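In what comes next, subunit A is part of two complexes: it sits with subunit B in the first one and with subunit C in the second one.
Let's turn to the complex of A and B:
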């Protein structure tokens, strides 16, 4: 028998139907699982450490104290002593491998059968500086010394120029002379624009984390857009609307399915890449807002798509600009004003700050506020466009 | 007097500059089948869309079960069943799942899907996905979906269009059963035989205007010839004779023909609904 049915019961019926359809769409189900697996595997394959030093091989500095002095003076450079200029040249040229042990480095030619010493660690260096034996004596006496700089062809020109300048600086230091420039106080020399991440740099794994998580959300956008486009194209939604179900029920169900599935997948990935632990509630809040945002975008894309290809194309139009902030996050400090104005920026930046740098609720409030505003805006636009589309069927 | 289940009073609708429905009025009583006859683009589907709340009329008044169709009244929606011309079923779901989903929108939890599918001859395909169904099977499932809430008013838009004779007959039988149960049926079709067989009354619609609204019998009597064609086998072959019922000698002539040992056939010469439609609108039903 027919009996009065509540709005929530109708919405729940449509949600269950949408989820069933979602699970039965073999193509999207396959793509969803594939992206989930690929993202998790890629994440764990990425390096999780950061080498903040440039390895520079040096030869001709027989006095260990001179090497130590230079090392102390050049922060960010790892000076590796070589026994001879020939060894250094062979390593930089790639003809030999360098093995570094306690206070020594030896070069073993690639075609030699020699075994590296026990405890030695292989190091790579693409820059070498060969000092002449009498470098310190000559420069201290005010004379001129010829220093050979070996640089791999792949090293950028800027680094090559910097190395040449470094050698001149070393020569001044060796001669006991001050550099002919006035310097500011130590704490005033470096002016860092933005947040100073020296000593706290993000690894490749950290950098890609928001990219991967956002990719999952965007994948969800494609699936939702496809389901909506299919419902419109097949006009099944018209059949639903001549029952006690209203257009508001249908749209509410679409929103719930989009947010639920987006959230669920994002959380699965976050758990799989061990990124939920630092601030679970805060990260879940960011994910919830992100899922709402992509659901609104899916409604927009689904309203205009007609089949798989057109939905894919329309979805790409929304996906590409939304992905830009995620890639910008790989290079901290590079996001220009227009990138920061993108709806996805506060989501990505919030994720980076929370998961990589351990920010809390207070520090993330600005991102949450902007993201919430974007979510409300995009969801409202998506809702209205889809409603208009359904009404004109 | 019985309250009409459907009451339409001078409604109009336009798609931009194209006036699809031009001030039509009619009503349908409970248990009555009203056949809406007209060619494609006559305004039949637009009228159904207005009555089911999908479109709002530009002018006029329309009520279903006493409720104004523009109010989007869930109580009214709960008592109607709509069978669309397009086969808008969920293809990835089975026949049973489709019926259960729509039943849930009406708040029905104990739907006997087997019984419903049996009525449309799909009981043995209950678990099969709709994507594997033929056109006829889909149409029969559409009809079953229309009946999940045992509606008091049925809107059937070309329910047998393009179907094989067996499927068409099955659906016609179902429509008649529903009318016998007491449901008011608004049936749009451009199949004159279907309209003639099922309809208590027919309405001729063309270019958005209502040209006629009466019982098929009355229309045929009003527009047909009152004559009978008699064929009798005789020694020198078959003789065909047209007897005008207007003539005073008609009774005698018919009596003689019926009494003849060689009587083969007697046919009335009444007009078909299609002939009447063409006569009134100047165009055929298939256009």
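Let's turn to the complex of A and C:
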């Protein structure tokens, strides 16, 4: 005498069994917690701002207004006034430390016992421009001045070239030589295209946010793949199939476990790295689709793996291409076409657009659509491959 | 210990080993990491400013930009394409030079300068590209500047990031071959009970462990040389390189043998590697981030093989420069050898009890 059992009850029983197995596997439990902790700690260790300025020490410009005018005109330069060219050279050479206070900078030689002034902040500069004291007077009178640029040999070539050009342009301006071209804008030589993000650039923390979140999902892929491989290797899945459970129930349960555990970890990380705030529902939707996608991939990897090592290896083969879009997001600009063709690209790009640029549902619809298509495709392939594998046991 | 029996076990491992995925890891990972780090991500740490130019004539400005080191130049045909790329942050800035740009500048008719910068470009890149572009336009004008600029370069040039990554990549090659291979191989044999089966033959456990160590040692040396060659870092000091690689491989093989003999299965080895891998690789980070306090690197045991490797491969140092560090490394090796012996005895006891 048996009473009929609903499919959902069977699936739920298998889900509970899988979750219990997951919890019992000490290695994966340890790795899951470790990756969660490492990701969160690393995220908060990353810098939250972007240094957009080139620090340049300047000597010889005794007129503070000249320095202020120069600073205002040249966004991207951080000008630090020095008393003398000798101080400047010593600081650039690393023989002295520069201490900057309110309107002054002093250089204290490394071997000197002098204490820095109260409230002064230590600054470093690898470029120094030593103007002669009569620089403006000479050039304005039509003469030729001599300027020395001290530059650390490690400074990139393009910066060295730009500093030389900057000095020449200052001299032209002092001499009253107008630009030999007409600029598009009245107050600066360039026109900014797109939203001007100077002072508000995406930081390393912003850049790595989708990488870390996606890493968590990939970790979940390994766990799922390993559990599936273990079930196949130990043939426990065959034992489950002699009960009223069907292959469909088993696969549905695997999918649910993968999505649940992936989502749970992703949500923990998103909260811990303070990334849910801008669009919580949209970010959770992206993560849900991402979790479905990695569950499908885990079914693929798990059905081909025989043991821990082979599962790990197969998982790596799937992980590397899926990771590429996450790392590509660290680089400025549009990703190459082949990167955009990766299944994980819409997920990563969606996360970048929402978390960094504040996109909403309407702007993210294309990514959601493509991601959904990939999810359905990968999950279906994973389902079919795993089903076939189980049937052959 | 009988060399013939060790060779027999070694031969068996060489024949059966390639069936294991770990062998493929040993062969593929160093090359893959080289590719990923050097080709793809070498640029991440030190990105060059990116300038696009649409030259509708044959301006000397374009030729001059091509000759400036450190500016990534892209020449495009279409102004709209240039503007799209600049706006999408595929370029930091874009310059449009009209058909008779040079002639108009020289004639003093002030042609328009179409210079666009992307909203996401860094302020530092904007100023680099803007002042450089203006300076080049001034050169077209042909008038001598009212200033003489004397550039004084101070100190050493420093090493590019691609070179500073080499210790990490080589260390990883050594790690995979010298640590992963013997440890996983031992744990796998223990898990599958073939290790217990071997011990009922005349082969002693110490001989099996030694054979695994030799396999890791040989592959580590080979993969380190291949990786160095792949990274263009094979040194002019072959003797010093061989000595350093022998010492480095020995030290890491011993760590692998400790992992292998201490773990009861593969998952145990994996946990050990995941938990301690950072300690083994940590000194390599100090070559990438040169502004970190360098003395911290010396606290890690692997520093004493990584630094000689760095000095010999990157700075072409000879044995005379690195002998002191190698002596310390040999001291670490002697200590680890005692641990390997102790763990092998412990393993023999455990196998006898099962």
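Simple rule for what comes next: the second predicted complex is superposed on the first by the 373 of 393 C-alpha atoms of A that agree within 3 Å, B and C clash if a C-alpha of one lies under 4 Å from a C-alpha of the other, contacts with A are read in each partner's own complex, and residues count from 1 in each chain.
Operating definition for what follows: a residue touches a chain if its C-beta (ideal position, glycine included) is under 8 Å from a C-beta of that chain, and two chains touch if they have at least 3 such contacts.
Given the structure is predicted, the values throughout are model-derived calculations rather than measurements.
Following the overlay on subunit A, a side-by-side fit with no clash is recorded for the pair subunit B and subunit C.
In the superposition on chain A, A:338 contacts neither subunit B nor subunit C.
Of the two partner chains placed by superposition, only subunit B is touched by A:24; subunit C is not. When the shared chain is aligned, subunit C comes close enough to touch A:148, but subunit B does not. Contact with subunit C, but none with subunit B, is seen for A:327 once the two complexes are overlaid on the shared chain.
After overlaying the two complexes on the shared chain, residue contacts for A:165 are found with subunit C alone; subunit B is out of touch.
When both complexes are overlaid on chain A, the residue A:44 reaches neither subunit B nor subunit C. In the superposed model, subunit B and subunit C sit 80 degrees apart as seen from the Cα centre of subunit A, a figure rounded to the nearest 10. In the overlay built on the shared chain, the residue A:241 is in contact with subunit B alone; subunit C does not reach it.
More residues of subunit A are in touch with C than with the other of subunit B and subunit C.
Distance between subunit B and subunit C in the overlay is 12 Å (nearest C-alpha pair, rounded to whole angstrom).
Judged by the document's definition of touching, no subunit A residue lies at the interface with subunit B and also at the interface with subunit C. Listing the residues of subunit A that touch subunit B in their complex gives 1-5, 9-10, 13-14, 17, 20-21, 24-25, 234-236, 238-246. Remark: subunit A residues 26-27, 30-31, 34, 50, 52-54, 74-77, 89, 92-94, 139, 142-154, 156-172, 174-175, 177, 179-184, 189-199, 201-202, 307-310, 312-313, 320, 327, 330-334 touch subunit C in the complex. Touching subunit A in their complex are the following residues of subunit C: 20-22, 24-25, 32, 40-41, 43-44, 46-49, 68-71, 83, 85-91, 93, 105, 108, 110-120, 122-135, 137-138, 140-141, 143-158, 184, 188, 266-267, 270-271, 274-275.
Across the interface of their complex, subunit A is touched by residues 52-54, 72, 74-75, 77-80, 82, 84, 86, 88-93, 97, 101-102, 104-108, 110, 145, 149-150 of subunit B.
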